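Each of the next two complexes has subunit A plus one more chain, namely subunit B in the first and subunit C in the second.
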Partner chain A sequence: MTSITTAQPDRPQRRSAWRRRDAATGYAFVAPAVIGAIAFVIVPLGAVIWYSLHEWNVLANTFTFVGAENYQHMLDDAALHDSLIASLWFSIGVVAVNISLALFLAVLLNQRLPGTTLFRVLFFTPVVVSLVAWTIVWGFLLQADNGINGFLAEFGVTGPNWLRNNVTAMIAVVVVQVFKNVGLNMVLFLSALQSVPEEIQEAARLDGAGAWRRFFAITLPMISPTMLLVAILTVVGSLETFALIDVLTDGGPGTSTTVLVFYLYRQAFEFNQFGYASAISVLLFVIVLALTLLQWQTRKRWVFHES
Partner chain B sequence: MNPQIRRRHFLSMVGVGALGTTALAACSDDGGAGEEAPEGPVELRMTVWTASEDHLGLFQEIADAYVADHPDEVSAVTFETIPFDGYTTSLTTQLAGGNPPDLAWIFESNAPEFVQSGALVDVRETLSSTEGYDFEDVGETALELWQDGDALYAYPFSNSPFVMFVNTDRIAGSGQPNPADLVASDGWTYDAARDISAASAAALGGAGLVVRDFDYMNWTNLATVWGGWDAEPWSADGATSEFDSPEMVDALEWFHDAIFTQNAIPGPGTSADFFAGDTTMTITQISRASSLDGSFAWDIVPLPAGPTQQQNIVGQAGVGVLAAGKNPQAAANFLAYFTNPENSASLSLYFPPPRESLLNPETLAAGNPVFSEPQLGIVIDSISGATTKPSHANFAQVDTTARGALDAMWTPDADVAAVAADVSEAIQPLLEA
Partner chain C sequence: MSPDQLTHRRTTAEGAPGSSVADGRGTPAARRPRRRFGSEHLGRAALVFLMIIVAVPFVFPIWWMITSSMKTTSEILRLPPSLWPESPSFDSYRQVFELQPFAQQYLNSLYIAVLVTVGTMAVAALAGYAFARIRFRGSNALFVLVLVGLLVPSEVTIVPLFRMVNSAGLIDTHWPLIVIPILGAPSVLATFIMRQFFVTLPGELEEAGRMDGLSRFGIFARIALPLSRSALAAVAIFTFLKSWNLYLEPLVYLSSKSNFTLPQALTQYVDAYGGPIWNVQLAATTLTVIPVLIVFIAAQRQFIQGLANSGLKG
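Coming up: the complex of A and B.
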């Protein structure tokens, strides 16, 4: 009895010590990731929000608190509104073309035919090519009198001056962006397609379902989790496109391809309006976050296993 | 432990960590300007946009001699090359990041912005009081852009004039009159240049006249053309747009016509490089002569005359001392040495100097062996009475806005006067800002 009464208070203490040790070990494991996130995500994000409340002129070395003035300025800034519209068109174009083309290629290259491996490599190669090198090459291809137009001229066709017309310039940047990254989405879709159980397809076939029916009723729902991933990655990627615009069109002609990130860059690093640029980057963050959350919240309606 | 409490505990740790990191970041800001003058010798850094080993070798030679003479003041001077494209952006990023150089090269287009913002230190007193500097030798017109009242914020070390380079092989091959002969007979006009260019391009292929580096983006390079019409993009005080003035509209209509009607100037999106030999003539600065490889015969002539006048244009570059730098006085002292008469003579090997005593064919010939003495005479004549390309205190925004609005002009059926009016309307608020 005595031994029991003396042992009882000791057991919780020992358990508590184990828990502390467990907790310390756990914190040690997550510390690198948490410190990294704090240093490279949370602190910069906080700093950007703080900067957005200031007028910061690096030349004059002034840093003045202006409250919500930068955010109010966004409402009157016609150029910002133009860049939002350009971003909208660019993102719609990239997301629609990229996802449909990637899925189409994945379905094609999922067939057991000779040469599919070669085509998979060909379509994936642009993903590993330097973006700037890729864009410079396209810059030559899209010249008024060379490249694609030179090829068309061989057949007596006069091609448009791709990068000097508002509409064709937007089409050009969308196409160049899509061709650069479509291989990555194609590989993701390929992987998803190959994980669709063959027995389900076989059962549907025995039930008399045709190829289209099997694709829409079985394949698409089964790969919908990958579709969600690809959609989120492509939307975020399209909203963050910068180097392509900088190298290929410099935001022109006019402001037709000045997407939000490019406008933000211009405000910060060309106009030295770091405070206002910070406010725009907060706007971009909110847009990206809202679109990602929207896709995440609506997943239950269309993603298999999520309903 | 309650999961709610655990989560709160974790979040509070994250919060404390974030605050701690912010505090560390804030404390690590070295502050730049405002620090007390260091006691020992300091290291200086100058940002430049040249990557030429010859240029950098000369700078280092001058710097090493200065360090040897002033071991107690300066221990080393380094020259940091930033690529020409995006130079000012990189410089301001260094300023924003709290890592300003002590001295920096500055484009003439950004001069008013740097001068009026307080980013640069007034160096007039240091330069003029330095023994043997001979400040009066520096041309007053060369200093105009870099002054504000009595204060001088940079030394315009390079005054490179724009001239017309002519491929005389293409002139002869197409049976066109030689521009040098037209200069002699007072017939060297923009109309003549356009006609010769159009005829040679039609006869030989390739391109006629190229305003180099314009590329339908760097519109301020068109100042080399509209100067002949006595046009300016804005008033001398920079407050009022003159982009829709009759002179400017006439000049732009001439240019538009030369592109789309006469085919004398290659259109947008067309690549043409004079130095590759397939272009009849190009307006550019003399420093580009280093790209000539002897594969064709060439000459230089002054910029042609327009209907109103013949206007020389120079592209200037200044070197200034950054106020945010750690050692502004030491940097100003080095600038006085770097640009004294002896070192200016050395620098003039590569950069046409602002010192009048050095503006002679003999001095320039040493650094420009590809030019003959008569050609160097043209270079020197092209500096006299020259104006600089457009610049403004709000240049970056004006430049970008005007470029965007001007894009509508580079189509065959554009209404030039209407586009010029649109440009004027777009930049007016920015000129006033």
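Coming up: the complex of A and C.
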């Protein structure tokens, strides 16, 4: 706490006057943030739950209470199940590729090779590039008969029509997302790697442990709490990916890359099913909330490790 | 992405803003004595080579974006693709401004991002300071209330917020893109970061200010705020980028081209069949990306530290 409140104990009157005024200042200082939180977070959150219990079509101008019907509908909405599966694949893909690539890059940068600073900047660059811009450029690279395939053709290889095939389209969105964001995880891993005490490594080296052995027996366990955290953060991030899908594949081909957020957007702003879209929002919120709580649990463990 | 992960990213990265989380260089003590001179040299050369190969997918898209934007329509479709335009032309850049009110859209993005950044810094610094240093009844409860914003991805509340904006008659205006980020969930991370910073300030400094007869606002403005420059810089960087890159919200709230922001405008360079006009689209993309890249390269340490501490993603 601040020491201000304990100041001048010999003049209690002035002290309490200062305190009263100080508390008023405190309320004034937090007022914008608190009012904003109520107006733009708490109320909308309550509203979305309320809406989810309604049949609400904006075009038809209907708004009728239907209880849990939207949630009932979720159970037999095949398109929703497809989008959950797409989300699952997308998240698994992003986490697996992102984590392994980030770790690989961090280990590379940790070797104190010449040019490390430059490469750190290069690997980080996509993080500051706008996602839409990055996606447009990759859309250009992933054309059927130009871009990457144009280069492949030079070597007599016929590349797949990346964005028109269910499997390669999913691979494409995963890869584009990973290259965009991996720099951030790389930096987090790098700082974790640098906090591994050199003495332990040295001791293992003297005991005859090779580089691989040292990595798997010492480094990896020591940075595993960071890894777990980064993994969950990356999953949550992947669950909120909208722009990439909208710009690169438009959810296609078919519905193969229609992840949950994109399906939510479609229901609300293309099909005007605001009630059902609200129910999907609640589902998304519950998933993210569960992951965040899990993350807090792991954070406790991480703090424990540190102390 | 939701700000909640940002917070914990920051705590994972372990450190007050300004700590050198992202410093690629190790401590001198970390250097190992060199053994096996020749093979070690060779191994390190191989690693540098590996790093160059790995850098290709990070750098090549940007290289190709810039070079392709200077190609003519016929060259951009030609096979094999050329790595450098045959006769660099800036015709596509002219078209960028002819097909859409691109200058206007650029200005929209810029002024919205500046306002959001300044507004967020103000709201977050004030609230963060009060939550950290001022004692008032219910401050913990209010802080928890504000922190709920970290748990709510922007997609979750887009339907009610759309309705709110609609009934306020503010569809197709920039108000929702300015006011909601400053006061709503997106600014909560900034408040949190500022609070974490102000908690670490030594109380003696403020005590001295108070002895000098400064009001609480005076203590905040003259003593605490100047000391929080590194935290404020981190907040400014990720807030500006977040606003500059915002996509879902403009898509939902805006409908006329002259009101569009850049990410939305970039997707509009399409021909009558909806196919992208590549060289023009890439020229517009280049114009969007280059200023940010220049600032990033000029201040890369602050960027990497600030973003790693706050963990902006997507």
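The rule we apply is simple: the second predicted complex is superposed on the first by the 248 of 307 C-alpha atoms of A that agree within 3 Å, B and C clash if a C-alpha of one lies under 4 Å from a C-alpha of the other, contacts with A are read in each partner's own complex, and residues count from 1 in each chain.
One rule holds in what follows: a contact is a pair of C-beta atoms (placed from the backbone, for glycine too) under 8 Å apart; a residue touches a chain by one contact, two chains touch by 3 or more.
The model shown is predicted, which means the values in this text are computed figures rather than measured ones.
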item: Touching partner for A:L294 - first (subunit B), second (subunit C), both, neither; value: neither
item: Subunit B versus subunit C as contact partner of A:G251, first or second or both or neither; value: first
item: Touched partner set for A:A39, first subunit B, second subunit C, both or neither; value: both
item: Touched partner set for A:N57, first subunit B, second subunit C, both or neither; value: first
item: Which superposed partner A:F274 touches (first subunit B, second subunit C, both, neither); value: both
item: Which superposed partner A:L113 touches (first subunit B, second subunit C, both, neither); value: second
item: Touched partner set for A:A203, first subunit B, second subunit C, both or neither; value: neither
item: Partner chain in contact with A:A68 - subunit B first, subunit C second, else both or neither; value: neither
item: Touched partner set for A:V167, first subunit B, second subunit C, both or neither; value: neither
item: Partner, of subunit C and subunit B, that touches more residues belonging to subunit A; value: C
item: Intersection of subunit A interface sets (partners subunit B, subunit C); value: 19, 34-35, 38-39, 42-43, 47, 145-146, 269, 274
item: In the complex, subunit C residues that touch subunit A; value: 1-2, 4-5, 8-9, 11-14, 21-26, 29-32, 44, 47-48, 50-51, 54-55, 57-59, 61-62, 64-65, 68, 77, 79-81, 122-124, 126-127, 129-131, 133-137, 139, 142, 145-146, 148-149, 151-164, 180, 182-185, 187-188, 191, 203-204, 206-207, 210, 215-217, 220, 241, 244-245, 247-248, 251-252, 262-264, 266-267, 276, 278, 281-282, 285, 288-289, 292-293, 296-297, 300, 303-304, 307-308, 311-314
item: In the complex, subunit B residues that touch subunit A; value: 1, 14, 17-18, 21-22, 25, 32-33, 89, 92-93, 95-96, 113-114, 117-119, 216-217, 267-271, 323-324, 396-397, 400, 403-405, 407-408, 410-411
item: Interfacial residue positions of subunit A with respect to subunit B in the complex; value: 19, 34-35, 38-39, 42-43, 46-47, 56-61, 142-146, 161-164, 250-255, 258, 266, 269-272, 274
item: Residue ranges of subunit A touching subunit C (in the complex, touch as defined); value: 1-5, 7, 19, 21-27, 29-30, 32-45, 47-48, 51, 104-105, 108-117, 119-134, 136-141, 145-147, 150-151, 153-154, 177, 179-181, 183-184, 187-188, 190-192, 194-195, 198, 202, 226, 229-230, 232-233, 236-237, 239-244, 246-247, 261, 264-265, 268-269, 274, 277-278, 281-282, 284-285, 288-289, 292, 295-296, 299, 302, 306
